[in-house]
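Below are structures written as structure tokens.
Okay, so chain A shows up in both of these, paired with chain B first and chain C after.
Let's look at the complex of A and B:
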């Protein structure tokens, strides 16, 4: 005798039915969820790319225009320009931004003797420079700017140093002006952000080095705002009057720019998923 | 030898374990989706708040070359684009940022784009953005506050930024 009573067929059928329905529903949800995983990954990647691009650009924009103890660069020269460094003065496009600043702890000094346009070396003051330095902190390979009180500005590249002397590379743009003794020489960053439309990459170029800040960038727009926060038309930067001379000649309206707004449109890597827009607005911190 | 199968209890327990595991991963996916959305909202929120702070920084608050104090007292920031007829950097808005003060509030969509202003949010608003300008006794000092709060997804949390602006020579 067993005395054990089994399940009736009806009970079993109902139990199986309930179990099947639950499992089925869960499996369907799981399937949908798994199908969405790539979208989720792309959204994460998109957010990450937008954040990196916005942070990098904002950091450069916040520094733009900073100068030496004698005053911000942007008091006399544009902190930012809507063109590449090699472009003619008066060029202005909506998807290019060049920023310029003297970084913190940069090497800097003043000319002891005037610097002629064709001169291959610059003699600089070493009094007051950090100890243990040969040429006031400048080293071979330093990118620098020379500028005076009259809105003249030119790039320099230090090829070699000796005591109090910078040997200048001939490869950079020829200088247009003679810089009097007392003109400032400072290590500087001049970096350009631009969209490479073929590869859809947002790229930052500094000197000869270029690196990609973000991939799959559909569009990039910079807007230039004045002190009333009105968008300045690009034509304002094309019509002069111009200051300085040579490769760094600029439209004086650039000195009226107070705020720069960048809009970066990003697509997902596969081209199917979501898209994102990063908008950053940065006030130029350093005078101007 | 008689092969012994699974008992019904064993099968039920096994299925229950399986169900729990599946339900767990479904939950995980839903959680990940929500977390992703919140992260995105927070990103937009921070960018929008810092954008307004930088716009307040862009307005004129400086010494002219002759030493005269120049202060923007006319730009209306709640509109897009901003226009004349506002109060610029004159003290205004509720420093506590807990009420909508006309001219010191606007509304943004889920990508951070401006979609309206006024006392009540327009349809489609994902964030409310409020700001305030406080002027301590020193005439060359301003306290700037910005708050961005999500309207639809409270879980995303709010962004509150404060900065000091000093009058400088430009």
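Let's look at the complex of A and C:
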């Protein structure tokens, strides 16, 4: 090692200075980057929640009112209503939406015998049903609607099946009318979107099941537009005249709805990050 | 040896530079991955939306073509197709994204898949719908002279309504037709819209062309 030349003081000072400057700049950049990471993550999460909520809602709205070969449901019944199914008929609020439709590949048939309000089973036509089905594709647990040409409509829940017979659950709302032979029975979706203000969650309820569509939702508003794209006041859905009876009685003005606009206001998970508003406007495809 | 190596000890700067470069590269890669993932999610969402609207547009266009046909049996038998076609349906098609499909017919063709999947695969004996390819082509070719910036390819099939009960899927006995449209895009994007249409009863008919009524219009499952 003898004779090895070391570093001069100047070299050490310059090298240390350069290193400090470089490291300082790097650390500053890292600090800023790391400080912004949660904000970026929250923004990404916010966008994703907005997308999921808008997509789910839009898909249901596009299907709203779709029916059977006899015609769209929306020709005789509202494709959507501004109330929960358990709310009194004629009530209307701005932050609740219930959608009704016959889904793709739905089980469906017609009554062979009249269905009385208190009847525990329905006899259905099996001729013309898909082969290898016991009761036209209905299965235990199917949610369905029974409806006739006079705009009577009631929910059914199938508890069990046998050949040509649907055993009906007594747990759903009592039927309000007697349905004559020939009335249609179709598997149906009746789904309600509403904001749970306590948990700040947008929830979708269908049958006995509820699932969360989006978290951290601050506000939810639905607007109802007619064929001229004029916003219909909620009072129009409360003042009659009313059709049908029982739990599915509805204001006939709901049949004039052609477009539904939803506004979902979302907050960041922490409450301190960015906020977003998802706004979707959907023309009802099955417009009646 | 040791003395010579120490005499040439110039590696400190190199080590420092390599360390810094690796650190910067790691930070850059992390940022890049995060932003790219978000961009891909957004692009996938946008593509999905576009595909739904393309499938809906394909159904609307098919309805327009069907509305002017006085007899739908010629469509159900495959004798008449839409005015929107992109060459012979039996030859393979290169889809956006690199996939190749055979639209029609026979095993492994898209038509064969639709035959098994539409109506949830249900069968009605002699009334089981027989899906006929009706319209196909790139969305960008939809409007002659207009520029549509889309990489999507759409295909539309039509079939008889099994409810007519005539035992023949090539004959329409009740004026009701099923329509099944697919929009296919890059990275396997695929969206389905199915609809049921009915020729308006004679009493409702206005001036020609005859009207068609939508009975159901739904985004289908694939």
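Worth pointing out:
Just so we're on the same page, the second predicted complex is superposed on the first by the 264 of 288 C-alpha atoms of A that agree within 3 Å, B and C clash if a C-alpha of one lies under 4 Å from a C-alpha of the other, contacts with A are read in each partner's own complex, and residues count from 1 in each chain.
To be clear about the criterion, contacts are C-beta pairs under 8 Å (C-beta built on N, C-alpha and C of every residue); 3 or more make two chains touch, one makes a residue touch a chain.
Every value quoted in this text rests on a predicted model; they were computed, and no experiment measured them.
In the three-chain model built by superposing on chain A, chain B clashes with chain C.
Legend: residue contacts after superposition of the two complexes on their common chain; A:185 is shown touching neither chain B nor chain C. Judged by the touch definition given at the top, the superposed model places A:102 against chain C, while chain B stays out of reach. Once chain A of one complex is fitted onto chain A of the other, the partner contacts of A:259 are limited to chain B, with no touch recorded for chain C. Once the two complexes are overlaid on the shared chain, A:229 sits against chain B while remaining clear of chain C. In the superposition on chain A, contact of A:50 is made with chain B only, not with chain C. When the two complexes are overlaid on their common chain A, residue A:280 makes contact with chain B while staying clear of chain C.
Look at A:27: by the touch rule set out above, it reaches chain B but stays clear of chain C. Using the contact criterion defined above for the overlaid structures, shared-chain residue A:194 touches neither chain B nor chain C, since it reaches no partner.
In the superposition on chain A, A:146 makes contact with neither chain B nor chain C. Overlaid on A, the two complexes show chain B and chain C touching the same residues of chain A, namely 19, 22, 26, 29-30, 33, 40, 44, 47, 51, 285, 287. Here chain C touches chain A in the complex through residues 3, 6-7, 16, 20, 23-24, 27, 31, 34, 38, 41-42, 45, 48, 56, 119-120, 122-125, 127, 161-163, 165, 174, 176, 194, 196, 198, 213-221, going by the rule given at the top.
The touching residues of chain A, counted against chain B in their complex, run 7, 19, 22-23, 26-27, 29-30, 33-34, 36-37, 40, 43-44, 47, 50-51, 54, 58, 75, 225, 227-231, 258-259, 261, 276-285, 287-288.
If you check the complex, the residues on chain B that touch chain A are 8, 15, 18-19, 22-23, 25-26, 29-30, 32-33, 36, 39-40, 43, 47-48, 50-52, 54-55, 57-60, 72, 75, 77, 81-82, 84, 111-113, 168-170. Those residues of chain A that touch chain C in the shared complex are 1, 4, 19, 22, 26, 29-30, 33, 40, 44, 47-48, 51, 55, 59, 62-63, 66-72, 101-105, 127-133, 137, 285-287.
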